[in-house]
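Pasting in a structure now, in structure tokens, and then I'll have a few things to ask.
Chain IDs A, B and C follow the sequence of writing; residue 1 opens each chain.
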Amino acid sequence: MPLSSPKSAAETIFQALDSLEIIDPHTHIQPLQAASRHLNDLLGYHYFTELAHSAGVPKMEIEGEHLSADDRVRRLVNGLGPLENTIQLQWLHEIAQDLFGFDEPTLTPANCDKLLELTSQTMAAPDWADQVLKRCRVSAVMLTNDFDDPLEGFDTKRYLPCLRTDDLVFHLHRSTVRARLERCTKQSISSISGLQAAIEELFKFFVARGARACAISLPTDFQPQPISTTTAKLAWEKVVKADGDGVDAAALKTIGQFVFWTLAERCQQYKLPFDLMIGVYRKVYPQGVYQGQDLYDSRVSLYDYRALFNSFPDVYFPVSVLASVTNQELVSYAWIFPNVLPFGHWWYSNTPSIIRRDLSHRLEAVPGTKLLGYYSDAYKLEFILPKFRMYKRVLAKALAEDFVADRGWSEQKAIDLGTKVLKTNSERTF
Amino acid sequence: MPLSSPKSAAETIFQALDSLEIIDPHTHIQPLQAASRHLNDLLGYHYFTELAHSAGVPKMEIEGEHLSADDRVRRLVNGLGPLENTIQLQWLHEIAQDLFGFDEPTLTPANCDKLLELTSQTMAAPDWADQVLKRCRVSAVMLTNDFDDPLEGFDTKRYLPCLRTDDLVFHLHRSTVRARLERCTKQSISSISGLQAAIEELFKFFVARGARACAISLPTDFQPQPISTTTAKLAWEKVVKADGDGVDAAALKTIGQFVFWTLAERCQQYKLPFDLMIGVYRKVYPQGVYQGQDLYDSRVSLYDYRALFNSFPDVYFPVSVLASVTNQELVSYAWIFPNVLPFGHWWYSNTPSIIRRDLSHRLEAVPGTKLLGYYSDAYKLEFILPKFRMYKRVLAKALAEDFVADRGWSEQKAIDLGTKVLKTNSERTF
Amino acid sequence: MPLSSPKSAAETIFQALDSLEIIDPHTHIQPLQAASRHLNDLLGYHYFTELAHSAGVPKMEIEGEHLSADDRVRRLVNGLGPLENTIQLQWLHEIAQDLFGFDEPTLTPANCDKLLELTSQTMAAPDWADQVLKRCRVSAVMLTNDFDDPLEGFDTKRYLPCLRTDDLVFHLHRSTVRARLERCTKQSISSISGLQAAIEELFKFFVARGARACAISLPTDFQPQPISTTTAKLAWEKVVKADGDGVDAAALKTIGQFVFWTLAERCQQYKLPFDLMIGVYRKVYPQGVYQGQDLYDSRVSLYDYRALFNSFPDVYFPVSVLASVTNQELVSYAWIFPNVLPFGHWWYSNTPSIIRRDLSHRLEAVPGTKLLGYYSDAYKLEFILPKFRMYKRVLAKALAEDFVADRGWSEQKAIDLGTKVLKTNSERTF
């Protein structure tokens, strides 16, 4: 009996993986508006606005005020032609075809109104969000909650809270942020001990409401290290008086390190994983469209995180890296440190050719129980479908080529490994 | 009807792409001696001399004086054996076989005189350069012109001028360079305003003669930033007195940044693209053969260019990076910045396995209208043939595997995308 | 007659390469205990202990005292399940099956005693080491000898001495290291000239006993440069008084550079290759298991080695890089510098997907006579078998796909290239 070809093995594995019910361990879903209500909610995703802008559509065409939602859609569709090769536009086409029954191969100005109508009807269903989750075979999604999110009005078993902490580490020089922190914790933060107490309040609040993780995105030049209370006090005196960019930069950096280390301590105390998303610089292109302004300097190293990984052996650190050049370090650090877990394929690395090469390396050198395969990072539930499907295709191909063809594994054994990577590990970790 | 295999799809796409008439958007062709006149003009290309030297041929054997052109060829051919696996030697074999009818699989000392004779006859044809361009299906090539090139004696519709500016940014501490600038612009440059006026003269001259771009190669540690006229004046006072390496290094660096920024301003004014070739260090191996001395430090980032990309939204920057590690940044910056265009596969990244991986990522994440696929960088027209053919093969394979096989595209749609990348985008941009 | 498929070409090439008798140009074999005497010698390899530890086995379970060798094996086998996907565990399975006739697909707690018995019987054979070498088709292995190794009691034609020099460059602030150096060379090193004389003694001793190379591993931040004797004297006065970490860091760094340069001078004098293994930081995870504590910062560049490569044109530098991101620099520097040779696939880069991509680039751009394909880095002879076989599979695949399929080479020509890379080049260089 002939062995199956890598291509058919990939198809078999894909089908098996695609039938699993999974969780999505990192999204930006707003649980009270989880699914889209208008096609513009889909087309307004920064991947389309920034790529259309990059291909020549003026920012005013995209973000100009006084445009109706329908007109925003029509103007953006005018600019999608140059994006046809991108995987991002394929996400949109798969959504249009598979969730809304759009039967055109490509979205164009000529057929745009047809999709507007289709989506308008379908999205009007009161259970649309639940329908989408069912189609995606996703039982729960992790959120990204501001520290002062009330976490009310939604099912925290389906929409799992996650404490996002960028504001606490990087923005405490803004009086608005400090005021939000005092308001939601009912705690004065004029002293460093007050700040510590406020942070502890946040953890109590989030954990009581079922939070599954603490998370943060970090710039290239961030270096975690412990800061003594004495040093932190002096720095806090400078920061707490500041309002915005005039702050003493060294003091702000010190407070950032102090708060970050405090967060890790609380993660240890409350047994929460601490998701690290490493390597982004914000507003590199300030004239870009909304959410299309951030980029990176790929000269980053996990070596800068060694004190953190050593100091918190009981905290799991699911680590995402922004650039593929850091993937080998991520593999190596996860191979050595028990508490470092490779986590998904983030943003500028979330395209098939990059996932393919990063994934092959993870699969051959990191214990299979430590691989947290993928998250959608979606703002609207609909995007979970094409993004996870893209990942499952690449995962199935990697398993078929690297394990079934090259290493003689059975398809079933490959599916079992894929199941850990896609489903079981995330369920166990979070 | 069975789908075609990726292999046959690649062949179909290759044939379609290979039949297109294109321009070559970056070369070092000397228009008055565009094609080779002796086999030594081909074998003297630095790729062969440096690789033969690297494999053990002493420099004196390669560059010793008092050798006839025939003898130079014979000595170098003696050293080609160890290079047989290199793609560079394959370029030579394809030229020998396809342009000169050489019917041996490999060039060896035993058959070297046969090729000498064949090339001698063929190159003697007065229209040899035109014959080569026709065989390459290239309608025009961009040049690399010194700033004081008279741009005379050739058809500027076929040989398109391009202002190369390395000397202006990096070598104004050499009195010979300053003298050349004063001579060709008839402008005193003893003051900073004189220098600015001279640069403006260059642009007027080049644009009037059909220049299509300004270009420069940049070292790893170059960081573009605006310099005030006051600061530039003080630095220029130091540089303008210098003659060579004794110059104040900080002042020279400041003037380099000032001139670079001035060039970008003139590109904006005259609507010229500004080609940036980022990441080369010159004379890292000073004992190497001619043009075989330059290398690089791959720790470079486009993040250092953010001020430039932000300040000149109306200037197109076709960007080449020397090392593949920077390709993901190039993709990401081109995905966000409208004025950043990935440009070719440069020098140490111009080999099939590197092109393959860099290209797959560009094709899946950058708008297809922004991809400036390839240039030959050739010094003699003959090399356009095998270099572009190497690229077309990789491009066809990427389109067949990533788009036809993995994404279900038709071959025709893949050919249309390849046509943009190979032909249309370059024609429109330059 | 149909062309063979890449898959069958790879198989043909693999069989041809696998039949060659070769040398292993870098190992940590102890010649007096070259093969394993107990299964624990195999399972105690750091790849298994560190990966099992990373997957959750407590350090005490692995390194706790008062455990018998059998019990150590049983406890570690309990923790191997999560490693099943790793290529490292496949090495163990191949050894079990091919050297010891273990007929289970996977080593589990249930069948562990069976393998204990099999290995116990087989390893008891007095000629077991020679049997293993014969099965690996390896005629000789290079060692890694401490500078004060007596080099006695073994066949230096089969076990080739190699002077390892990390202690001399990085650890002379330890009085124990200085004492060892004085003892073995019978030379006072209280003065810098004494230190130089001692180093010369080491070379005389090693060369007289058939040493084939000098070797060292280097951290990311090491920068070779010549140090004047005057500067070295001042630094040595500080270092020679130190005992451990209280040493003046700048003085230690200077002495490290001085000794390193001196080693290169002696390599030139004694015509020894100088193996450079670039980019490791020691004890990044000090709580890790034995030999499972080292990691790296991938921001390293061969540009920092330019003075070395330029200053010693007659010394061959076989260069290993720890991270794949440096592979393109390695290719480029080997393409330009006659004395730089790409050397194997080291440690965190010694997995199939990384080898595959690094190798394709080496094969297409470096003269085939300069590629030192692979070494096992093994501590016990048994590991030579699966590690080299892994490499040969990847090499055969690269030759089949890149040369036979893509470039039209005959299988025989591909085998000839593979033979250079796997065998001939190492034999000639060392």
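One rule holds in what follows: a contact is a pair of C-beta atoms (placed from the backbone, for glycine too) under 8 Å apart; a residue touches a chain by one contact, two chains touch by 3 or more.
Not measured: the values here are computed from a predicted model.
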- Same or different: at the chain B/chain C interface, is the fraction of residue numbers used by both copies above or below half? different
- Message: I need the rotation angle between the copies chain A and chain C from a CA superposition, between 0 and 180°, in steps of 5.
- Response: 120
- When the C-alpha atoms of chain B and chain C are each averaged to a single point, how far apart are the two points in Å? 39
- Task: Please list all residues of chain B that touch 2 or more other chains.
- Result: 299, 325, 357
- Query: What does chain C use to touch chain B in their complex?
  - Reply: 299, 301-304, 306, 309-310, 313, 325-326, 328-329, 331-338, 357, 360-361, 363-370, 402-403, 406-407, 417
- Item | chain A residues touching chain B - in the complex, by the definition given at the top | 50-51, 53-56, 82-88, 90, 220, 281, 284-288, 292-293, 295-299, 323-325, 348-349, 351-354, 357, 393
